[in-house]
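Down below is the structure, laid out as structure tokens.
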Amino acid sequence: MVATAAAHKRLDLAYQIEADVPPALLADPDATLGTPAELFIIPDHYIFRMLYSQGIGLESLGVPTRDGAPVENDHRAIWQRFADNFFLFRGTPTGLWLQDELVNVFGVRERLNSASAGRIYDQLAAQIARPEFAPRALLRRFNIELLCTTDAATDTLELHRRMHADGLTHIRPTFRPDAVVNIASPAWREQIAALTDVSGEDAGSYAGYIRALEQRRAFFKEMGALATDHAALTPYTARLSDAEAEAIFARALAGTPNADDAARFTGHMLIEFARMSAEDGLVMQLHVGSSRDHNTSVFARFGPDKGGDIPLATEWTRNLYPLLNDYSTDPRLRLILFTLDESTYGRELAPLAGHYPALRLGPPWWFFDSVNGMRRYFDRVIETAGLYNTAGFNDDTRAFASIPARHDVWRRVSCDWLAGMVVQGLLEEDDAQEMAADCAYNLAKRAYRFETHSE
Amino acid sequence: MVATAAAHKRLDLAYQIEADVPPALLADPDATLGTPAELFIIPDHYIFRMLYSQGIGLESLGVPTRDGAPVENDHRAIWQRFADNFFLFRGTPTGLWLQDELVNVFGVRERLNSASAGRIYDQLAAQIARPEFAPRALLRRFNIELLCTTDAATDTLELHRRMHADGLTHIRPTFRPDAVVNIASPAWREQIAALTDVSGEDAGSYAGYIRALEQRRAFFKEMGALATDHAALTPYTARLSDAEAEAIFARALAGTPNADDAARFTGHMLIEFARMSAEDGLVMQLHVGSSRDHNTSVFARFGPDKGGDIPLATEWTRNLYPLLNDYSTDPRLRLILFTLDESTYGRELAPLAGHYPALRLGPPWWFFDSVNGMRRYFDRVIETAGLYNTAGFNDDTRAFASIPARHDVWRRVSCDWLAGMVVQGLLEEDDAQEMAADCAYNLAKRAYRFETHSE
Amino acid sequence: MVATAAAHKRLDLAYQIEADVPPALLADPDATLGTPAELFIIPDHYIFRMLYSQGIGLESLGVPTRDGAPVENDHRAIWQRFADNFFLFRGTPTGLWLQDELVNVFGVRERLNSASAGRIYDQLAAQIARPEFAPRALLRRFNIELLCTTDAATDTLELHRRMHADGLTHIRPTFRPDAVVNIASPAWREQIAALTDVSGEDAGSYAGYIRALEQRRAFFKEMGALATDHAALTPYTARLSDAEAEAIFARALAGTPNADDAARFTGHMLIEFARMSAEDGLVMQLHVGSSRDHNTSVFARFGPDKGGDIPLATEWTRNLYPLLNDYSTDPRLRLILFTLDESTYGRELAPLAGHYPALRLGPPWWFFDSVNGMRRYFDRVIETAGLYNTAGFNDDTRAFASIPARHDVWRRVSCDWLAGMVVQGLLEEDDAQEMAADCAYNLAKRAYRFETHSE
């Protein structure tokens, strides 16, 4: 990997976005990582979308169908299929992470290919069976100071309660209310019913819905949550009058929304969530720009998150204006932005983060959580935003074992960037050393207001 | 030039987009390259648009006018004018190619400038007169395995028949139906008449028009065509009902189209062409984003393709959705995308090509067929799409003698990129060597389904 | 700093956009630079927006309020606050310029931080008090051949008259009519009244308004102006009929404009200004894409230009089409374009500048007047536009003492880029040496048609 790693306290603050598996893994002390196919292939859309792009059917990779139609269940055959095509991952971050995991987590010294596939499968299976490779053991070994899962607003956080009881207090929930905000989703009304049940507030009216959300946030915070997470197709924000909000909410409950109700309601709720964050201090994260389930036939057969999410061009300057002008001056608000449109780094996001006190720019996300993605981020963002308006690194992996590899890539690329700045006389060496530690650790802790004695 | 060339079988698969001259050149065994001005300047909009941008009139460069008004016909004076201003091409790919051609094709050792212009003109004229510089001789010397011209749907391919008769079976046609699809063009109705004549199908109705296109595709395929080529201002696609398509077609024939008929018809026909490709196996190429003939006064006086084509921002994710969802799961469809908007590489095109089996991403095109354009392509595309969802290299030159130079730039830049990845520990050296050969040769052959024994 | 500086005549052509302070500074022979806080912090939005982004109030930095509410007036305390937070500027151009100024203009050898703040304040104060640091003395020392201020259309240019009387004939005005063009501005009607007064033409009708503008341009030209400067949110251009223009003008004067009148009037006037430039030969500069005063609370309290201007995505190909097709073929027109949307460099601006004789592409502007901004500019623009369709370097600083630093960054980055091209065999060394002098000096002079004997 690039350059030389910085000498600093190696510590990871990891986010697990959309990942309900890992909490379960860690909540059950007897859980295991499963078969190599279950660990590396079947749940990982980074892996199977690349194989799919070359004509390999998801069924043949053991990806479960919605209707339960049978798929490949010979995990050794799935692994062989993956190994036969591992060359497809040359030059990709997925390939980089996987090789790093094989070597540094599982001690596999052979290169993965058709010939070595069987031997490596056996070696991995044997390792996974050992107690040192139980999820909780790896959690300790990975030296993760904070691991935040992302959880539905309706989640009882039972698993977190159990983990905290077992002393895993560094595993925290994150409040992700998308499912109760997206009125266009067929499941929305059930979600509202569930929200009522779990909150004890009648979410059947807009006012009650707001109270229920505030109740859930308070509960998440009590359970150690530091932040909320919001996904939107665009960063469109615009406040509705209570009457308009109530009317849209009623139309949605009645199943008769207008064409633009969903977009308008989301745009309004983002401002409401900014208000709540200003009031309760939960850091607000906004992930924008993914057109989900673009491949309708894959979605119909296999469901969401199957590697068919495609980014859209994103406009931040005009869209965030209403939210920023309502709450950006409130010193309690902290809003972290994530984009899938790199052309907005220098044009919109760095100037915004370099001005508004409430804003921090999140690390390169998803497709850009890569060596080149990080380099472009440093080159385009820092000159205008400065390093100290960025949020350091976190990842959104659902692949538990890839956490160290992902953070290591960030550490190496950030140090490579800093070293290059020093060599060119653009930074003093002692400043660069401080910045290396900030990139690896301090920025993320400050951005998420995570207070410990370790800083 | 950059880095070191890879050790691999040097072989070019060249596309000649919009180039009807080269086929004529090669069809006539006694053809010559003409004067140095005819070879390098008069037909090459890459060259004269740069001179024009500095106030040098196209008339003074011998570019023929539409109305036949006289222009400079002293080719030695044209060449001198070009040489006097050759400094304008410093740092441009055009300058790079031209120097490469002078040295490696024509053996000119002097640098081109005002003082050497006359001597170099004489040397070039002498070389061109020799049999080794006849087009067919150069074709052999260039070691081109496959040269695909781009030809109108109404073309009889007489020239190809003649070339094949002379054993030049590696010169293939490509089906380019734009002229019969663009109902907004004044010449469209004549084109439909010509389509009827050449196909024997009555193209005067939508149904007959579709039959005529299918007949032509079958003929092109019989004549060795591997692919089709489609140009569009945007990648907008949307299927029309047969009734709507028929109605638009009728309005167009009647000369009374509605404002959006042309865009809707093109968007519909792109889906129809995807269907035909899925059925007959011709690889579908889509070139998007050029606003043609932006300079109306140059267009009025000199006609199309005079260096006044300017790119537009392009949106792929939403626009291609209808086409991809109708045909992307058909394993017979192969769709290769070319863009003039680099901001879509990482944001839209690499995620699309990294998911849909039918898609491949074409090489950097036109303005981006350059050293930096290729570097940006490798840096932004491969991490997400992987190398094996790209189509290797082809060029769209109309300058026959520049083919080796263009392919050589690609080979050198791809090897420079690979060498950098190895040095950084991001690729294994043996993998990189395989990838160098893939970039230079195998990817293009696979993308265009060109089967030979040479792989 | 990067690479090695070129061996060439070091000479700066500096623009002072929106800077009325510097002319006053230079017009008064007894003026001083003020306190270190007045020189470096209070007037510089590059500096205080970064401090503000980290929660430091503008009041505490001495930025004056609109209503005169008191702000920090202890300049030593302001300086200390700045020094305490100087780490925020690591890796930013602002930090680079400031360090360069401290060392090379003021001879400060210590690094700025909390501990050294007081000592450095005293040292700066002492230097500023010396006659060698009087503005006119620095102007000589900076070796500035041409300094163009930017001045309202209604300016009497009294200060310039006084400076010219004192022999400072190399300080020229630039005609910036934005305030009399933007009918949406509350102050527009006063501006029209002022235009009538100063021009002697009745600007109360559209025809008179045009005459008044032509009169002012003639006067500015007489006072040595070389250029005009126009700012717009978008490059939208479209000619109105005289009747439409007259109607919009009348509605605006009556205070009853339609929703799109301002945009349509600006789009029309840009074409009118192109006509005037073609007629009087003043070089036309167009700065596009800044959404001004995005932070309404900062604007309400402190007024414009407080670091809250955020760029917007910009479309050039379609928007400039009407203007270019009316006047681009007029050899007298020279139009220099500046963008805040780097994605348009390779996609739109380089192809436009590489074709239209009237166009030149201005240097990286504002947020992109930086080391990486310049690198991206060279890498994306030159291959297509060629170096000779660019306008060399000018800056838009309002910080007088930062002029040498900004030009030095450009010289170093341009030489670094050229050296890299030579090392890669993409340029001949003697050509690169000529291009270094062109980047540093000749291109800017030619672009602004500034004739001297020094070339």
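Every chain is named by a letter (A, B and C) in the order it is written, and numbering of its residues begins at 1.
The rule is short, and it goes like this: contacts are C-beta pairs under 8 Å (C-beta built on N, C-alpha and C of every residue); 3 or more make two chains touch, one makes a residue touch a chain.
This one's a predicted model, so the numbers in the text were calculated from it and none came from an experiment.
Shared contact partners of subunit B and subunit C comprise A.
For the copy pair subunit A and subunit B, the superposing rotation over Cα atoms measures out at 120 degrees to the nearest 5. Under half of the residue numbers at the subunit A-subunit C interface are used by both copies of the sequence. Subunit A and subunit C have CA centres that are 41 Å apart.
The set of subunit B residues that touch two or more partner chains comprises 313, 343.
Across the complex, subunit C meets subunit B through its residues 313, 315, 317-318, 321, 324-325, 328-329, 331, 343, 346-348, 350-357, 359, 379-380, 382-389, 421, 424-428, 431, 434-435. Put simply, subunit B touches subunit C in their complex at residues 1-2, 49-50, 52-55, 87-93, 96, 111, 291, 294-297, 307-313, 340-343, 367-368, 370-373.
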